[in-house]
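Order as written gives the chain letters A, B, C, D and E; numbering starts at 1 within each chain.
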Amino acid sequence: MQPFGLDLDYVAVVALFCVGLYMLVAKSNLLKKLLGLNVMETSVFAFIVTAGMVEGGDPPIMVAGTSAPYASPIPHAMVLTGIVVAVSVTAVALALIVQIHAHFGTIEIDELKELP
Amino acid sequence: MEVVDVRPILAPFVSFLCAGLVFGFGRSIFWRRFFTFLAAFIKMALVLSMLPGTLQGVVYVYQFVEFTPGIGIGFRADAYGMFFSLVSSTLWVFTTIYAIGYMQGDRDRVRFFGFFALCVSTTVGVAFAENLLTFFLFYETLTICTYPLVVHAETPEALRAGRIYLTYTLIGGGFALVGAVMTLNAAGTLTFAAPGILGMESGVATLAVIFLCLIIGFGVKAAIMPLHGWLPIAMVAPTPVSALLHAVAVVKVGAFGVTRVIYNVFGVELLRELGFATPLALLAGFTIVAASTIALTQDHLKRRLAYSTISQLSYIVLGAALLTPLAATAAVLHIANQAFAKITMFFVVGAITRTTGKKYVSEIDGIGARLPWSMAAFSIAALSFVGVPLTAGFITKWYLALGALEADAWWYVLVLITSSLLNAGYFFPILHRAYFRQAKEPWPPLEPGRRFETPKTLLFPIVICAAYVLLLGVTAEVPGMPFSVAQVAVDGFFAPVGGGP
Amino acid sequence: MTGPWAEALPWAIVLPLVGAALTPAVAVRHPRVSGFWAWGVLLVTAVLTAGLVSELVARGPFSYGLGGWAASYGIELRFDHFSAWVLPLVVLFVVIVPFSWRYLDHVMPDERRPPFYALLLLNAGGMIGFCVTGDLFNLFVFTEVVSLSSYALVAVGGRGLAAFAALKYLFIGAVSSLLMLFATAQLFVLSGSLNMADVSLRLGEIGGGTAVMVAFAAYAVSFMVKAAMFPVHVWLPDAHAIAPSPVSAVLSGMVVKVGIVGMLRIYQIYFGAEVLELGAFNLALVWLGAISIVMGAFFAIFQDDIKLMLAYSTISNIGYIVLGLGLASPYAVIGAAVHVFNHALIKATLFLAAGSIIHQTGFRTLSDLRGVARTMPQTSAAMAIGAVSIVGLPPTAGFVCKWYIALGAFEANQAPFGFALVFGALFIFIYYIRMLNAFYFQPPVHASVAQASETPWSMRGPVVLLASLCLILGVLGGIPLTFVEPAVLDLLPFWGQ
Amino acid sequence: MSDLFDIVMLALLIATAVTVARARDLLAAVVIFSMYSLTMTLVWQHRGAPDVAMTEAAVGAGVTTVLFLITIARTTRREKP
Amino acid sequence: MRPWSLLLVLLVALPLVAGVATLPPHDAPDAPIHTQVGALYLERGVAETGMKNLVTAVLLNYRGFDTFIEVVVIFTALAAVLALPKGSAPLPKGNAPLPKGSAPVPKGNAPLPQPDAARSQGVGGARSREEEAPEVASDVPVSPVVRFVVRLLAPFIAMFAVAMLFRGHITPGGGFQAAAVFAAVFIALGLVLGQDRAARLVPVDWRPWLQGVAPLAFALVAWIGWRLTGAFLGYPIDDHTVQEAMGFVLEIAIAVGGGVVLARIFLEMET
């Protein structure tokens, strides 16, 4: 599945990354920015998981019914950690957004910049 | 002969400690004076205690810290450094006495005396610096420490003067830093040495850049002509500070630095080969004449003295740049001669302002009657600058002229003569007004209960300094006096070349 | 081979982290206890790190395989000369925390102190881990600890604008962390390993390639953001200016250095693998550094707010460090490495002094703070020493660094940068003169300035201590060099010197 | 077969991501984001990463979404044009 | 703004595409990712760690330190949320006139706005806006059916989480997933019951300890491992019982600690 010598899975990941980045950069709404950040994060996780898969591989769980080749366990562990980190960052960001709204009454960056 | 001894570092440290004590306990007038005087005398004693050794050719050294091998802070009391520190530590005592009288009742005296002590500490540090890095460290510290003194009045005018002063000196410091860095890069060491530390192998272009950077760097404080702009403006400072700036610390440090660069960084031989000193000498000659001419037009007393200082400093630079032993002797000697004469003049001007409130030449008609002792001292200093025999200034001019002839540069003799005439031109009218004109209005009478024409803390340093000017002129050849130290220093500069005076 | 202190390596990281986890429990009855608790924990950590450094000095770099696994099999902690930065880091924390005890009175109610100190401990622990770890993914996780706690620390002091500054910081920081994760993943895909030394080896086998370079670029951008280099500095000024002053000191002095240390780690990998075009890269660094210096100074000059001005000067100073690294001559790198510490020291002095002044007077702009030196002489003196030091005038700590970097510039035959460096700093000083003039030589305009009192000793002590250190290290500039020189010699082979 | 599944899923991912970007109603955006996360879950499950898939389902699609919803409740639901 | 944003995105996208395009193909079994350490884990993992789910093995054993720091990260998130000033609550009381270090930064020379003015402006303004702002009220009456279903299902979902927790070393899932599910149950209950009743599920006295239990347990296990094997966070390779016990302690701690942290973040944001 490699048209034009490009790995379609990876390209999709980059596309998602860019959609997220665009949201983060271009959107004025802070929540939208944060959603964009989350999309970016997921895309990087997808990149890592994709890299860890193997043609016709089973999950790296050595119980009856599975057989080699197995997917590599390390990327999975990395992504697990990454997801938890991402939710932590999101939680802090949301708490800040709530504060900004309570103080300024808006979460649009265009309006926040106009405030004195 | 080098001897490891703690005294070269102890001397600046005493003043430094004094500054700390003044900042800490200076609110009490007694303790402030006590610490200041104690430190002044201890330091003078320390410097004097090294004098016999110096005259026998002993060099005291002390390595303080080393950053990386070859780069560090070190102290070294060679004859030239000793000469300079003798001058500055002697003058510190007098300036302190004078400042106590002059600043009476002024505000922020803790700050004033604290930074005053720091200035002296760094000046001695400069004198005893063993290498260019140490020299630069103290040189820049001096810049920073004089700033609060310059802006002491806290008026907008003073702040502006301070800003100009800092701009000039810090940019100069930047050049000096670049020069020092390039020197280290070219020579691999920064330690001052008699034949110089640079060599032809660095390439003429590099050497030219280094020379230019170092001369600009130190020349700013020595007020060589295009770099002199800060000096007249910095006159807004209180008079003891002006005295300190013009006679003892700042400008002399610049001149000292130029001399060090010429003799201990480049060395006589290299400079003769390169020929860089000639344009410097020409520049100095130009400064001597031009600054004197400007001084003629100044009505403000301190500004007139300031331009006179610019002119006189270039005697030192000229002497150094001629690269002959006799001229060098003149340069070294002039550090002391100009210092004592100029400080006398500033003290007198300060006393005039304190006593009568006058600041302009045109206002002092007949003041000789009101301040006889002070004006007598002023006259001695003025004669010294003109170069009348038996005063200190004569010695300088004599040797400088001999040095110029030795270097086959007779036109500098013309410069000297012109300068003498110009000096007479701007000092004698002052004397004329003081002695031979009637006062426009009666001078304020003595305050009741005072015996002297002006507070005795002001008068005493004036008289002593004027006496020194005569003493230096009369006792030139007496061993143990500054002249012999200067000769040891010059011997050191020219020892590797041969042909001492 | 390794001495007893090597065993302490993981504990030095874990101690502040666990201390943070315990902070809310310890301070459950008396929230103010948390300040002393955090200080105590940091003190013990400082002892541990001192032990680690002594081990480093005695026996050279050492590593620790966590869980007993071999280096590339599990996670490796590696204590080399760059890691020695953790000691001054923790010591500065130890000095800064007492300052915050009283300072926080006006910033937050008591019940929010435990989480605040927990964040401070987490920040410290995260940075120790960051400097010590030898594993790329672990580096990312530690980055997140540091970043997340920094975002929050920016916002603790106030509502509204503080939260906004923190959120800006968070968005930019999160993207940079993400780029780092992406680069880590790419290197992992390319080499199959996460251990730095191992990755370096395998990259050497692979040789270059676009993917390798893209990973490098991602790392570089990521760490540039963390270090607030010029084009990506936008998050820094607001965040550092609005945070409570002890936090500003930590952020400006230390957290931005995470970017520098990270960059050095990535160098070690890439230069070890010899897959990077050195000259071009160093040139880029030199220019970036120079631009940062100029732009930081340029922005700082227009600030009236003292903390904002200090924040911009951080950009400038990071520029010095990067310039020094890019010049890549021994002296320049020594200067840059010393500046990593000296800048932290100076910036801590300045921010704490500025914080004291703001705390006592309630004003934060130069025009309002005129004449403050009359009523707060010691703090103002510390501020003056800091100002002289940050522009690198002798005899202060800042001079030592500038001297070496300038020396390095000439050594590397980059004379124009040497000139730029020396005169750029003077240019900045002209601005600081305005500050000193306002503090010292102008009459007060506000009653609260004219009647301000000096800070309590728990605040003044750290400020005075730091200011005296600025002076002492200026004279005894060789002390940090003892540690820095071997580190630089360690690194220089990678630099092709 | 597997390729087809992949392509459909990837297309769906990009489509949901773009929809999140375009939605003016923040509530809708968050809900679509949770759909995006769930699609991602399926992709990962398919690629032999059940652990990651479960975590993403619980954390990414679950906790994150709920936190977003609370925030919307506390702030505003409309993105201003 | 938009054209610039698109340009930036393109600038980022191109190198990224170039980067991923030159990576080795991702599902080839001979890619480095499958031949280096990963292969060794697959080969020896079960024997060395006693865990059949190698992801859990990597998480808790080989790269246990990462997980340690990861639980520290969630704890950081909680500390961050706790340390922030509360919503529109009044400023700190006490003798202090204003939070000086935190005052807004005015541009230009104007002195700071006086604290009281700032306060009334900020808070008052916010309040007036807030009244119109929420379009999804948090206290919408929940339909009784939903309430019943949630209350009915909650214990079962929690049981599922526990099961996931204890079978983590064999099957997919483990501490984090359990934590998230616990938190989800808690949040669901909070939404239907009102958070006051939900809050009782995490007793106030225990909170300071429970929220930090994950890092603390990790430190404890790390210390035990240090005592047993001489290595920080080391598991005795040949003693599967001890390995398992240590693993369980960690999993439980992660589940409880993570759950409590997420639940508390929820509570903090709700109030």
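Note that in this section contacts are C-beta pairs under 8 Å (C-beta built on N, C-alpha and C of every residue); 3 or more make two chains touch, one makes a residue touch a chain.
A quick note: this is a predicted structure, and the numbers were derived from the prediction, not measured.
J.: Touching both chain B and chain C: give me those chains, sorted by label.
T.: Touches both chain B and chain C: nothing.
J.: Moving only between chains that touch, what is the shortest number of steps from chain B to chain E?
T.: Between chain B and chain E, the shortest chain-hopping route counts 2.
J.: What is the set of chains touching both chain B and chain D?
T.: The common neighbours do not exist; no chain touches both.
J.: Measuring centre to centre, with centres taken as mean CA positions, what chain is farthest from chain C?
T.: So the farthest one, by centre of C-alpha atoms, is B.
J.: From chain A, which chain is the farthest off, judged by mean CA positions?
T.: Computed centres place B farthest from chain A.
J.: How many angstrom between the C-alpha centroids of chain E and chain D?
T.: So the centre of chain D lies 18 Å away from the centre of chain E.
J.: With centres defined as the mean C-alpha position, give me the chain C-chain D separation in Å.
T.: 37
J.: Go ahead and note the Å separation of the Cα centroids belonging to chain A and chain C.
T.: That gives a centre separation of 29 Å.
J.: With chain centres defined as C-alpha means, what is the inter-centre distance between chain A and chain D in Å?
T.: Computed from C-alpha means, the inter-chain centre distance equals 10 Å.
J.: Give me the residue numbers in chain A that touch at least two other chains, ranges are fine.
T.: 9, 21-22, 34, 47, 50-54, 57, 59-61, 70, 74-76, 78, 80-81, 83-85, 87-89, 91-92, 94, 96-99, 101-104, 106
J.: Among the residues of chain D, pick out those that touch two or more other chains and give their numbers.
T.: In chain D, the residues touching two or more other chains are 50-52, 55, 59, 63, 67, 70-72, 74-76.
J.: For chain B, which residues are shared contacts with two or more other chains?
T.: none
J.: Could you run through all the chain pairs that touch each other?
T.: A-C, A-D, A-E, B-C, C-E, D-E
J.: Taking the complex as given, what residues does chain C use to touch chain B?
T.: Touch residues, chain C against chain B: 334, 388, 393-395, 399-400, 402-403, 406-407, 409-411, 415, 418-419, 422-423, 425-426, 429-430, 433, 437, 440-443, 475-478, 481, 485.
J.: Taking the complex as given, what residues does chain A use to touch chain C?
T.: Those residues of chain A that touch chain C are 21, 24, 30, 33-34, 37, 40-41, 44, 47-48, 51, 74-75, 78, 81-82, 85, 88-89, 92-93, 96-97, 99-100, 102-104, 112.
J.: Looking at the complex, which residues from chain A come into contact with chain D?
T.: 1, 8-9, 12, 15-16, 19-20, 22-23, 27-29, 31-32, 34-36, 38-39, 42, 45-46, 49-50, 52-54, 57-61, 70-71, 75-76, 79-80, 83-84, 86-87, 90-91, 94, 97-98, 101-102, 106-108, 110-111
J.: Report the residues of chain E in contact with chain A in the complex, numbered from low to high.
T.: Of all residues in chain E, those touching chain A are 1-2, 5-6, 8-9, 12-13, 16-17, 20-21, 23, 25-29, 31, 33-34, 37-38, 41-42, 45-46, 52-55, 57-59, 63, 66-67, 70, 73-74, 76-77, 80-81, 84-85, 87-88, 122, 125-126, 128-130, 133, 170-172, 176, 258, 262, 265, 268-269.
J.: How about chain E: which of its residues touch chain D in the complex?
T.: 53, 55-56, 87, 133-138, 164, 172-174, 176-177, 180-181, 183-184, 187, 262, 265-266, 269-270
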